[in-house]
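The two complexes that follow have chain A in common; it is paired with chain B in the first and with chain C in the second.
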Partner chain A sequence: MSSVARPAFTGRKARFIALCLLPGVIFVAVFTYYPMIRGAVIAFQRYNLFDLTSTPFVGLENFRSVLAEDRFWTALRNTGTWVAVSLFFQFFLGFGLALLLRRQFRGRGLYQAWVFFPWAMSGFLIGLLWRWMFNGQFGVVNDLLLKAGIIDERIGFLASPGWAMTSVIVANVWYGVTFFAIMIMAALQSVPGELYEAASVDGASRLRQFWHVTLPHIRPTLALIVLLRIIWILNFPDLIYAMTGGGPAGGTDIVTTFLIQQVIGGDYGRAGAVGLLVLGLLLSFSVFYLNVTRFERSR
Partner chain B sequence: MRSSRLAAPTALLAAATLVLAGCGSGSGSSGEVRLRMIESLTSPERTKLIKRLIADFEKANPGVSVELVSPPLDSADQKITQILQTKKDLDVLEVRDHTAKSFSNNGWLAELPTDAWPGWADLTDLARKKAVEVGGKPYLIPYGFYQRTLFHRTDWGLTQPPRTWQELYEAGKKMTTGDRYGYSFRGGKGGADYAVMMISAYNGEALDPEKSFFLKDKRTIFSTPEAAQALDLYVKIFKEASPPDSVSWGYPEMVQGFTSGVTGMLIQDPEVIKTVEESGVQAWSTAPIPKGPTGYAFQPVGYAGWGVTSFSKHRKEAVELVQFLSEAKQSIAFAKGNSLIPISRQAQNDPQFSQGAWKAYLQAQQDPQQVITIRPVDYPGWSQFTVDSDRDVQALITGKKTVAEVLASWDAFWTDQAKKVS
Partner chain C sequence: MRRLAKGVVLGAWLLITLFPLYWIVVTSLKPKAEIFSMPLRYWPGEVTFEHYEELFSFADFGTYLLNSLLVSLVAAGAVTVTGVLGGYVLARFSFPGRGALMLAYLVTQMIPLFIALGPLYLLMSDLDLLNRLAGLMLVYVAMLVPFATIIMRGFYERIPVALEEAAQVDGASRLTAMARVVIPVMLPGIAATYIFAFVQCWNELFLAITFIDSEDAKTIPVAMNSFITQYDIDWGSMAAATVVSVIPTLILFAAIRRYIVEGLTAGAVKG
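Moving on to the complex of A and B:
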């Protein structure tokens, strides 16, 4: 890009271009940046739905009260588990699925469509489905395990903290595998076929081909989609909220479900503060991550 | 880069749509009045019923048309709040008991005239009381009430319904064998409400029904030894008479528990009557909710109603619509369609509300020791408490917190709230 000189736009042409861009700029400004900035400002106000006639600025009070709560720190720890474990399984299962789906076989198109279907569903709906499937009394998961003789007694999956976290992560893995499969498949298709031919002429085994041809080629894409996925998993309270509401007793609370609870509690100021904290966390993580993976230069 | 070429026209289109949407309400071209109305507790059947009633209103009032907005239930109140904040294009709205205070505090609701309206005299005492509950002025007319009642199996060895929480515990324990449990416990969302119900019953006469988290001597209901007794029993009911899985049960699971034959008792709102009737459960009945050792039972009555916005450009017509919906014929039809306790005095003569499962409500209404309370929804911390207390209840029944710890924190919270209000 930098080696090509940009054509200079001047006079009428420039004004015309600016005019054409204006609606887009206004749209983004009004619907993305205004709410974002307003939300950030609210974080420094006493902004309780109970009384919106008095919303004074209170400095860092909202941040102080959030950070002083054990619940926030529990939620932060849970967020780590939720993101790391979900990501691990989503990535490796998604990778495997992509490799399998790369081969030609009869009905592949149809099969792909089926595999990718979950990605098109709303997280809240998926959460409701899994909530019933994991139900300790009427859930199909318990039923299957009982009939298969794996367990003797029903498990209250959403009733104990350990099981509840496992359950929401299983649901999340089921949902997110698809994303990785789509993205990795797309990346795999960009690897030129000649490279494999050349490699096999040189006598490289399948495994070596994968290691020395496939991986280096798709590495930048992998680095980027992992980062995107981390951000999305963290910003995906829908599933947890529908399945457990953060319970039992905060056992599956992550920072974003904690944020929702602040909103429901009517305290938009605190919710804004949590939002800003999450934003700061993600920004600093992204900078760190991109530095470590050297995304820009690895191409 | 095809997407960026599309972005500008898309944005333009969106902007145009918004401008057009802004013109949606207000007067039509032929000098006709168009009212815009929004509902909150949206469900397909109910929306149909409201539309039928609106059609009747339009027929009776030529020149007035009503557009009904039906946002999805889960986000409806947030959406209504957003519209109210813009102060535009809304005339009639559904106000719920927990939104009434903030809507009126923020000056979004108009006071409804009652003097020249004959329908006012036909409302039950409860309906008239609830209409003026917030701010002492009629900011809404309720359309019906929700109150809890005890559903119980009559074929699981129960000779008569439990009258006290202690009896409920004993009966529940007897019913609990194998795959069956005595009680549909609510440990998930809304669970703390049941703990409060028991604590209130144990405090008995000392409780102030008008400010139901406080005693008449201004202490909180969580500060007494009776409160500890109640919570101890509450935990025992969970441990010995309820499904272990009910730690996470909310409304759908508890109802499902009863209708699928897993649990023998359930305390719920009247809309469940219809669900149970349609289920496979044959031998069942209803009774008033259990009392404490004091002989008292307390519960709030849930309600919602219709209100008019303070910024409506057609206030006269909007008020007429609310009054129309609140008159006997329409309000009884609405209560029947939604399994609500009706607001009209004339409903007492209606067989549907005096027989079968509904009889328990009449019974409760006639018992002076079944007291209707007002929850402290007008305290700034109310919403926060509903979120926090559910979590505390889960911590309590899973053994992470003790009865004393939970009560101490609730007592501290409400002692502090009392200072903020007075």
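Moving on to the complex of A and C:
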């Protein structure tokens, strides 16, 4: 789309390009890349905010100390659960919603406006909202479950490790279904109508049409949306921070809440080490994922 | 039958989506005694605005609101201008380093920026920008430039180049052509970018709590974060604060619903 017959690359043009790009580049370089690189360097230093008199390079000591800590491994396991379970429900519920909203019906616009509102809220506010609803004493979730006869006594949802993880995932699913619904609806609309016409001439049932026409067409988009989503859920400590702060006893810690605790604790050396570990994990996962889904070839 | 089933499912989902919002509004309107009493009432026995009044009289919420507004308005403005300029160049020219720059911007949308949180604190401290709204604005601009540039580039690519070329044939310089012909066509997209950026700043928590702890520089999320104490949360005030801070974003998002897909793709919201 962007390729256009372009005039020669002249000095005046180069100046224009530089002028337009420079403000953004400077901001990102100074306030994003510089601190990121410094964070990576600090990972190999003893660097504690409360004792900056000496910050010697200590090799891999920070990594060793992080990897020796049980809480880190708990956080890592929790991250797996948090990402996989949240993603599973977000994806299938979102897909279902997108299919239901695919055809025009009276009031669809209004419905979408209402059902998509959680997206305008921050993860922090959503976390607070659900923290209140999951309250062990005065929470409405307990009240509704009691009324429905599903439970006999109130559950301290956010106070017990098992329930706490379930609770933050429920909140995350509630939040993220919208994202998938929007993105999958857009993908569905990109399937050319002629494909369906051809399929129905051939007498294919709707299920077969979906399986043989729709799905293959949107598969590359789906693969990419899912990867983006995995990365974002992993980078999304806001909701957990607001609901449980990672507790009880690290039961809902994920790697990013663990990282933030290191920063708040002032141990920037260890924070840097955790950051690099997470980054390495993300990179290797992305490469693996793109290979498995064969994103390039199917494009 | 099929239509009925569809209606029931859609209705149920709407209920599940809206109930938490309803619940927080109801909580904010209940007297304190009623919030913490059994049995739970699904409609306040007595509607009160005491939590809202408290917010502005005791908690100085007016100041936080103004701070949030100021930071978000200014930072979103700067981000949008940067995106309008940078996106144009990335959409219309090929030049050495273009791919690398796109990649450098995309990477910031993918990796956990929390790795930069500590060093960013040190940098802000060196620049004497801690506890200052200006410092927060600078960091927010940097945080949102990649998103704004990427989304604007996408908007430019939908506009035929012929439009600008025609203006340039008439003797207008590139910049004039841009200002007179391209920008007017782009206005809705520019507005959407501005709103996305505004909402991101309005909602941002972790950078703000890292850099701000003085009362007169707190933004709304920082203030709400300090409402959370170890053992006790005043849920009446918290609910009222949630309602107050969410109303502007709801209105703004309703206004830019058409651009939501573009926004999500470019990374307007993560998580």
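Note that in this section the second predicted complex is superposed on the first by the 284 of 299 C-alpha atoms of A that agree within 3 Å, B and C clash if a C-alpha of one lies under 4 Å from a C-alpha of the other, contacts with A are read in each partner's own complex, and residues count from 1 in each chain.
In this section, contacts are C-beta pairs under 8 Å (C-beta built on N, C-alpha and C of every residue); 3 or more make two chains touch, one makes a residue touch a chain.
Just so you know, these numbers come straight off a predicted model, no measurement behind them.
Participant: For the three-chain model obtained by superposing on chain A, do chain B and chain C clash or fit?
Facilitator: Overlaying the two complexes on chain A (C-alpha atoms) leaves chain C and chain B clashing.
Participant: Please work out whether A:F50 is in contact with chain B alone, chain C alone, both, or neither, and reply first, second, both or neither.
Facilitator: First partner only.
Participant: Examine A:F138 and indicate which partner it touches, taking first as chain B and second as chain C; both and neither are also allowed.
Facilitator: both
Participant: Considering only the touch criterion stated at the top, classify A:V278 as touching first (chain B), second (chain C), both, or neither.
Facilitator: second
Participant: Quick check for you: in the superposed arrangement, does A:A113 touch first (chain B), second (chain C), both or neither?
Facilitator: second
Participant: Let me test your reading of the model: by the given contact rule, A:L158 touches which partner, first (chain B), second (chain C), both or neither?
Facilitator: first
Participant: Once chain A of both complexes is superposed, is A:T221 in touch with chain B (first), chain C (second), both, or neither?
Facilitator: A:T221 contacts neither chain B nor chain C.
Participant: Taking the superposition on A as described, I'd like to know which of chain B and chain C A:T166 touches: first, second, both or neither.
Facilitator: Touch status of A:T166: no partner.
Participant: Based on the superposed arrangement, let me know which partner A:L21 touches: chain B (first), chain C (second), both, or neither?
Facilitator: A:L21 contacts both chain B and chain C.
Participant: Looking only at contacts as defined up top, I'd like to know whether chain B or chain C touches more of chain A.
Facilitator: C
Participant: Run through 75-83, 93-101, 165-173 or 255-263 for chain C and report the one that clashes with chain B in the overlay.
Facilitator: 75-83
Participant: In the superposed view, which residues of chain A touch chain B and also chain C?
Facilitator: 20-21, 23-24, 27-28, 49, 124, 135, 137-138
Participant: For chain A, which residues are in contact with chain C within the complex?
Facilitator: Those in contact with chain C are residues 1-4, 6, 9, 13-14, 16-17, 19-21, 23-25, 27-28, 30-36, 38-40, 42, 49, 96-97, 100-101, 111-126, 128-133, 135, 137-138, 140, 143, 174-176, 178-179, 182-183, 186, 231-239, 241-242, 256, 259-260, 263, 268, 271-272, 275-276, 278-279, 282.
Participant: In their complex, what parts of chain A are in touch with chain B?
Facilitator: For this pair, the touching residues of chain A are 20-21, 23-24, 26-28, 48-53, 71, 124, 135-138, 154, 156, 158-161, 164, 244-250, 261, 264-267.
Participant: Give the list of chain B residues in touch with chain A in this complex.
Facilitator: Where chain B meets chain A, its residues are 7-8, 11-12, 14-15, 74, 81, 85, 101-102, 105-107, 187-189, 243-248, 250, 253, 256-257, 260, 262, 380, 382-384, 386-388, 390-392, 394-395, 398, 400-401.
Participant: For chain C, which residues count as touching chain A in their complex?
Facilitator: It is residues 6, 9-10, 13-14, 16-18, 20-21, 23-24, 27, 35-40, 81-83, 85-86, 88-95, 101, 104-105, 108, 110-123, 138-139, 141-143, 145-146, 149, 157, 161, 174-175, 199, 203-206, 210, 221, 224-225, 228, 233, 235, 238-239, 242, 245-246, 249-250, 252-254, 257, 260-261, 264-265, 269-271 of chain C that touch chain A.
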